[in-house]
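There are structures below to look over.
Below, chain A partners chain B and then partners chain C, in two separate complexes.
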Partner chain A sequence: MSASASIAPPGRSAFQRFLSGYGQEIVVFLSIIFLFVVVGAINPRFLSDTNINSIFAGNAYIAVAAIGMSMIIMAGHIDVSVGALIGVIATIAGTLAVNGYPVWIAWLVPIIFSMAVNAGVGALVAYTRIPSIVVTLGMLSILKGGLISATAGAWITNMPAEFMIAQMRPFGIPSAVYFMVALTILASFFIKYTDFGRSIYAVGGNMEAARAAGINPERVVVGVFALHGFFAGVAGILFATQLQVIQSTVPPNLELTVITASVIGGVSILGGTGTVIGSTLAAILFACIGSALIFLNVSAYWLRAVLGLMILATVLADMARRRRAK
Partner chain B sequence: MMSARLLRHETILAVLTVIALFVLAMLSDKFFTGENLLNQGRLMSEVGLVALAMTFVIVTGGIDLSVGSILGLTAILLGVFWKYLGLPLPAAIVLAMACGTFAGWVNGWIITRFNVPPLIATLATLALYRGLAEGISEARSVRGYPEWFFFFGQGEVLGVPFQLWILGIATVIAAVILGLTPFGRATYAIGANEVAARFSGIRVNATKLWIYSAAGFLSALAAVIFVSRVTTTRSDMGTGLELDVITGVVLGGTSIFGGRGTIIGTVLGLILIQALKNGLALSGVKGDGTIVVIGLVLIGAILVGALFDRNRGG
Partner chain C sequence: MKKLTLAALLGLGLVSGQALAAGWTGGDDQQTNPLACDGTPAAAAAMPYDGGAPTNPPDRKGKKITVVDVPKLIGIGYFNATSKGIADAAAELGNVDAKTDGPTKANIDEQITFLDNYITSGVDGILFAANDPVAIAPVLKKALEKGINVVGYDANSTPDARQWFVNQAQFNGIAKALVDSMAAEIGEEGGFAIVTSTFTTPNQARWIAEMSAYAEKCHPKMKWLETVEAQEDNNLSFNQATTLINKYGDELKGIFGMTSVATPASAEAVTQANKCGNIAVVGLATPNAMKPYVEKGCVKSVVLWNPVDLGYAAMQVLRSVADGTLQPGATSVKAGKLGELQVINGSEILLGAPYVFNKDNIGQFDF
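This part shows the complex of A and B:
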């Protein structure tokens, strides 16, 4: 319960409440600062504009997808098909843009498609009680196979310049960063201050208790999946427009990166707790670590081993904290 | 009554498999030939071996996402021990398999010792083991194995691929353990109600440790067969294996919530998937179209199962 921002025992100072409510987020944030200071001192090029830009802008789509994934996990579910979905969205968007449709159609249609697909998944999960891991495992096959059979992996190039939303730079900052920051803040307020947002925690914590409290858990699950579809859709558009080419394939291991960002950011895999600020910070932390290893001349081959160790350490720390909290 | 229900799911699945085999044989005259079927059995063996252990894992209510990474790590270690450390190949095989088994034990240890949910524990080790394979190999592949080594993946005994014998023997052993021994009953009891199992004196943690270690061992065995079949090692070997394995097990009627499932179901699920992959490919469906069909079959089969359960009030 300690990771939930809204629940804290009374009789403690605001500062203590802040610390206990955002423990995981603070740890992740300090890790990012620590990395910047230490790696920047060893190799100042780590702090160059180009590198900082590539860390934040190049990984914003992962952070955006992790917002939706965090809500899914808070509600006690999981989606292993999000990487395939992002690949499909990027391909649909690119195809529409290349074939001369107005850019707003090329942006909006894939997002609506993504929300519809995920609402369908949510309905299957909520009303037939098939575990989300099974449904999304099936979706992963369907999306991946469907994408490759439809496109044969053909690259999409020559997209119109006005379509490339992730590359636009209002006030000198890549627009992907605006999306990441704005959506994280919006989602935080949404989860904390709306009835629907709070009912996500309730359903994830205990579905039957939520029902007894007057929440319709099935409707919440469908809604959460549809929302997750929205964030995956935006992530797919950012992914599609950040480079000059769309590869029409499923980005390898993307679902794993997204799930990991959510979990490291403090969303408990058991459901019921966590915040989306943490998952965005964790996505940035990953990008920093990946970049730092390169600037420290550590072989890129070891990147995934380091990430794996980090996940494990975080999970064990989370379990230890829970045990103490009991 | 429970066994009646289990048998019924398998009966449905068996009928479905027979229909699929029949239709596929009608669609292509190359499908129902001895040569093709044996070759498909060869391709099924690696997934099949891992799926046997995964059935136990899922029956306890757990999951193991790291099996593909254990396969990749074992394959890399096998190559490195032999080529770069200069060990004799048999010693390298044994040592690499011991490492793979240990990797499985570590999964079980994290899950039982720290109470980490299996999904998240093995998600972490999925990244860790694959990362170790990538780091150790630095993307170099190892080739040039001696001729005798290829027997495991390419040889035949009495006209049947060697690994199909291994899979057959392992299937019988797994079916006997799960269906007829106290260990198997403990496995079901843990999946049905872990707390109750603990209070009735079942050694829950020890049982789980054995099961996750077995998943590591069979993934390592699959790795040796895989390397022998394709004659090379690469660090990306076995990527995505966990999804194929879980699909087979769940299609075979094992409940993802634990407490229910049989080895026979798993084997039927695997045969159905392999037959669909091969048969559709032979009748002109492009390779990736078959993945779509498998996804649909998975969701469809579980959906039908869930509806049946509801009608019985279960």
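This part shows the complex of A and C:
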């Protein structure tokens, strides 16, 4: 089973195995370092602690959502509804908070809701064999339309201060960063060292082979979608509590940003390989590029062009690696 | 292949070096017309009607009409307010069946699809706020060809693609109100930056061009540091404003928010950076989103017109056009409780002077 996770043929040195197992993660990490060095040299304020804080916190909710998305893609599926789901979660959380429910209820109920919704999506995908892109495209419209209808476009304001978890700063570091780091580490260990975690790769690599090996692929798919719901739920809470206002629309193309983070982080769009460390690094890289563009006086519109280039380069690299592995 | 990714990043570095020299300001390159520093109103030059005309419209005088309003996007406070104004006017007129429908993000392609569908389904009148002045023109012309009355508000199209446009405030008037408020807060020599929506958003680009011209004329020592785009996205606006604060440090004394999303997000960025009182935020926004910041004293001036009145005026104008009481060449039009509104620039109708919300009056507004 572990064979599907590491492509490197035996007989290479440990260092080479490390390089081929984490190739994309290393590229992304070096890109971040490269940007810090170059932009920091042009304008040292780029490296100020406040700016580094905002780079790490700015996309933390995207990194958290990308953990779940990476698992979905590793299992050979996709979810294009996550952006709308995050918007719905934020609205439920905000509504509960302004209506006087205890904050832990305002935090937990939306996460449970999100897991339930995605478990349902997972069941549809696993048992009816409808492709996940179709199911989640439908979900996207349901959630987006439902959100606008339910809120009638009104913004949520005046949320209680103790609800605003993303604005808390233990030891001067935004709390969203703690969530991002802790959940990434937990998820990495979970995927690598639990039977369920390893079976995600197996199902994504070859579903029938996984079944022959005694795995119940349907159950794994439902489980992965429910887990993805958990991460999307946490991301939604971080998104809801970052600013004083919850809009009834979600950032345009949020689902694409999340998927892009997974892909650029090295999760193969064909399923079966990848790590969540890569997607978190990629989310940080996006924030880093966004900030660097301002420091270099470049229009933020280049961000999309650059991300597009990076997706193409990453997918090409993935295909080349697979061909070499054969 | 890894080299490819690195090469792409390196390319980014090179591109940024090039763009550094260009320094995009956020304005358009059309002619500007800054107002006098002391506020003397500009004389209105007479211009012939340059709007379009519907082809063989049926006689709608006094008859019940169905109207669809397609704003840039739905679900944000600003267009909720215009939509309320449209509904108010329709209810007051009694012979209009009006509804608002549109994309959930400011996307011109989706807006065109909405318009196309409503033209096919058959309506008597269309109200719109364009996501792009040129791209929207063909579908509006198609509506005119089918005899539909077309009136714009908030964001214009090319003039010949619609009949009339209700101008919420003249660009130079808004620019003056914004820049004067900023100068009063940060002094004549302060440095400021702008957070706007997108390159092709016609309103924002025009305001910025006029702000630049007015600042040059009346506050020549103010220092314009940078303009950044943030779409109409809450989190992106917050991140962009935060990065500006990080980038310029004490050099940055003020931030202009050019949209109802960018202004509260900039105020939030200033608040979370603990810079209230050090960095002023002046901008266009709806009062509800700004109340927390204005009441805490972090924001002193919010500039806007009344969007409920804007929607109301647009609906009234459309009714007058359908009735035939507003014809090319008119110099004013009756708009219900708003009274007589002035015709400017050939085929535009001016709503009035901008409104500055502050601590004393913001509590009276709820939108």
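Some notes on this structure:
Everything below uses one rule, namely that the second predicted complex is superposed on the first by the 313 of 326 C-alpha atoms of A that agree within 3 Å, B and C clash if a C-alpha of one lies under 4 Å from a C-alpha of the other, contacts with A are read in each partner's own complex, and residues count from 1 in each chain.
The definition used in the following text is that contacts are C-beta pairs under 8 Å (C-beta built on N, C-alpha and C of every residue); 3 or more make two chains touch, one makes a residue touch a chain.
Please read all numbers here as calculations on a predicted model, not as lab measurements.
On the superposed chain A, the positions of chain B and chain C overlap enough to count as a clash. Of the two partner chains, chain B is the only one that A:T128 touches; chain C does not reach it. More residues of chain A are in touch with C than with the other of chain B and chain C.
In the superposition on chain A, contact of A:I311 is made with chain B only, not with chain C. In the superposition on chain A, contact is made by A:S248 with chain C only, not with chain B. With both structures placed on the common chain, the touch criterion links A:K144 to chain B and to chain C.
Of the two partner chains placed by superposition, only chain C is touched by A:F295; chain B is not.
In the superposition on chain A, contact of A:L35 is made with chain C only, not with chain B.
By the touch criterion stated above, A:I173 is placed in contact with neither chain B nor chain C. Of 78-86, 96-104 or 132-140, the chain B stretch that intrudes into chain C once chain A is superposed is 132-140 (criterion: clashing C-alpha atoms).
In the superposition on chain A, the residues of chain A contacted by chain B and by chain C overlap at 144, 148, 252, 299, 301-302, 306, 309, 316, 320. Residues of chain A that touch chain B in their complex: 78, 80, 124, 128-131, 133-135, 137-142, 144-149, 252, 256, 259-260, 263, 269-270, 299, 301-309, 311-312, 315-316, 319-320, 323.
Of all the residues in chain B, the ones that touch chain A in their complex are 63, 110, 114-117, 119-121, 123-132, 134-135, 137-139, 239, 243, 246-247, 250, 256-257, 286, 288-296, 298-299, 302-303, 306-307. For chain A in complex with chain C, the residues that touch the partner chain are 23-24, 27, 30-31, 34-35, 38, 43, 45-46, 48, 50-51, 54, 58, 144, 148, 151-155, 157-158, 167, 239, 242-245, 247-249, 251-252, 287, 289-302, 306, 309-310, 313-314, 316-317, 320-321. Considering their complex, residues 1-2, 4-6, 8-9, 11-13, 15-17, 19-20, 23-24, 73-77, 79-80, 104-107, 199, 226, 228-231, 233-236, 238-240, 242-249, 261, 264-265, 268, 272-273, 288-289, 291-292 of chain C touch chain A.
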